[in-house]
Amino acid sequence: MMQKFAPLTKLLLTLFITLWSIMLQSMTALGLLIAGQLLLLVASQVRATVYKGIASLLLFAALLAGIQLALSGDTTLAITTALKMTAMTLVFFILLATTRMQDLSIALVSQCRVPHEYAFMLTAALRFIPDFLNESKAIQEAQACRGYRSQGNPLKRLTAYAAILKPLVLKAVSRSETMALSLELRGFANRRMSSFRSRVVLTARDYAAVMVMTGLSVFILNFC
Amino acid sequence: MLECCSVDFSYKAQTQAIQQVSLTIHAGEFLAIAGRNGSGKTTLTRLLMALRKPTSGDILLHGTSTKPYSPADMAHHIGYVFQNPDRQIFRDTVFSEVSYGPEQLGYSPEQIQAYTQEALAVTGLSALAGAYPSTLSRGQKQRLAIASALAMQPALLILDEPTSGQDAQECQKLLALLNKLHAQGKTILLITHDMEILAHHAQRVIVMDHGRKGFDGSPAELFQHEDLAAWGLSAPSAFTISRSVAAFGIRQTCLMEPLIRELSQKLRRKP
Amino acid sequence: MSAITVQNFSYAYQHPHKVLDHITLHVESGSFTALLGPSGAGKTSLCLAVAGAIPHYFGGSLSGTVTVGGTVTTDSSMPELACTVGSVLQDYEIQLVTMTVEEEIAFSLENQGMSEADIARCTRETLAAVGLTGYEKAEVASLSGGQKQRLAIGSVLAANPSVLVLDEPSSALDPEGTATLYQLLGALNKQRGLTILVVEHNITQLLPYADQFILLDQGKVVQAGSPETVLTTMWTKSITPEALPPLWQLKLSLEAQTGCKLAAWRNEQEAIDELMAVLAKEARHYA
């Protein structure tokens, strides 16, 4: 369902939910915000991998609550913090799971006036996270075959990690250069963006959604 | 020296990557593994190196299970040369890059010095010992990776498609190096798609086919095998041509040189 | 008509180290041309010069001209040249920037400013041309190496260029994948009249398709011409003779040792047919 909204609307949703998560203090309200977001995800029929990501997010939130509790001894504070973090992060899952990266980039460029290159960098970065992880794994394996071990005290581990980090950074740099070149070769710098814009243009549905979000913000500001 | 006993392996949530593979690698062999991309060649060598552990079956090193071993433990016995040397080069000079392995394995400073120098000499990189590795050519980087493996004094060298993307001169140089190492007593295991290399250099070939061992035998036997095409392989030109003209008394061969000799004898105009 | 004309072209990424040194050559429209030569000969740089990335992307110093489709590259821009020259880099995976197959093709078309309706049609046609019909919704990451490469080819073909440049396209493919790739390139060349310029170490793969070889060494053109001319030069002048296809080592050795003249073999079958005929004649002669 979320796929039907324009990327800009979803960007605004992200912004608003982040705001609400900061403003809201009651556990019930935060709980409702989280429940609402989960409902949106279900209604949007996102892929199973998204839920896996959310599961690890919840685990992390629980961990955060535990640390908070141990440090302050304040149960309410601990739970509220964890809920806030969950509410804030969930919305990014909605945004990323229901928006084509390219559309997001175009919305950032044409509607948020973010420079073309920066917007593309953001989306391309997301696209290459899996590649990056694979590369890091391959390098770890290559160094393991040369006797690399992650053992000893943290300082030792850190210095040993140079064997992984250096090739990884070099590779990432050279790949990003190649990518920039390949984009130029594919005419990316072409500024005729007509076909880009038509797909991200706002419809009545989007305006309605933005108004609902604004209204809710006002509501939270006044009554919570 | 290395033995796979009914090894099964699967990456999580995927079909079997390796199914019931049994094989023995003998000391001093020049062995090649061939097969399609995705047939399990690299997975198999990863298992040998203990980068992956069999889901069932076992891999024995000199008769002992390698289950408790890490890749770093295996590095004493196996030098693994990956396809992309850029994934391992991280030090400032060629010399210190090569000495990383023996340092990690805990050799004495004198040994590290000696092993590094020896590895650089045999790979023809001694003159570049002080060079910054990033400035090396592709072929030189490949040899640097081989030197890095050799410096750890392994008995077996595994090379994953070392000739792909290299020009003909570099390939020749590399194969000459492998032959030299083989003559010095190293066991060589080469993953390759190149049937000419198989014909010229390998004593024995293992073909992987959908995670199973499809073939284990000599190159000459392989090229005659009826399933050759089904494994995504084709015989070298010399073999196909010599077989086609066998009726004219030309002997069957995998190599071009004897075929040229025989054909030119037949065709040489006599006065 | 000439698709690519390089006129006395020299180039250095950093002066004075010339990677291309007084290159002059022509590539006819509709030809299948292969760039040969050892690593560091300047093959990749020449490809980049044809695509305009040299000098538009890399800067550096140059003299002479590269003309593609009637336009001098220095008088044009890379996006404009992208409509004439499609480039597939050696690291083609990095060229793929979207999540799904159809988005990848659409991305190229969007860069051209094509309307949405045309994009859908053109995406369909392009995927069919590179044999990826049915993979529209597939994730790029889930494709095999060969499929990713076909997608990279499709993504540049979508811009409807008249020249396709590929840098060592087979280096990560297995023999079957390589054969399939060259079948595809051969078909694009014959059926669409696409001019193809390819860098390749494995000459055997090129023989059935290429009509022009250009041999480079140390930034200079050693020889350009028909495959037969160039391979014969490599043999007689002993320029990287180890790179000669085994088939041609046989042909040229036999010609040298027996004085007979054999055809310019493009595949094993042609060699077998001719050798059988010659051997049969010899046998009759002595019978």
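Each chain carries a letter (A, B and C) given by its place in the written order, and its residues are counted from 1.
Quick note on the criterion: a residue touches a chain if its C-beta (ideal position, glycine included) is under 8 Å from a C-beta of that chain, and two chains touch if they have at least 3 such contacts.
What you are looking at is a predicted structure, and each value in this text was computed from that prediction instead of being measured.
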Compared with chain C, which chain's mean CA position is the farthest off? A
Which chain pair shares more contacting C-beta pairs: A-C, or A-B? A-C
Taking the mean of the C-alpha atoms as each chain's centre, how many Å separate chain B from chain C? 29
So how far apart, in whole Å, are chain A and chain C when each is placed at the average of its C-alpha atoms? 40
Taking the mean of the C-alpha atoms as each chain's centre, how many Å separate chain A from chain B? 43
Chain B-facing residues of chain A, complex: 135, 138-139, 141-149, 162-163, 166-167, 170-171, 174
Complex contact set, residues of chain A against chain C: 100-102, 124, 127, 130-131, 175, 178-179, 181-190, 192-196, 198-199
Applying the document's contact rule, which stretches of chain B touch chain A when the two form their complex? 46, 49, 51, 70-72, 74-75, 78-80, 82, 84, 86-90, 100-101, 103-105, 134, 148-149, 152
In the complex, the residues of chain B that touch chain C are 36-38, 137-139, 164-172, 193, 195-196, 232-234, 236-238, 240-241, 244-245, 248, 250, 256, 259-260, 263-264, 266-269
Would you pull the chain C residues touching chain A in the complex into a rising list? 51, 53, 56-57, 77-79, 82-83, 87, 89, 91, 93-95, 97-99, 103, 106-116, 119, 141, 155-156, 159
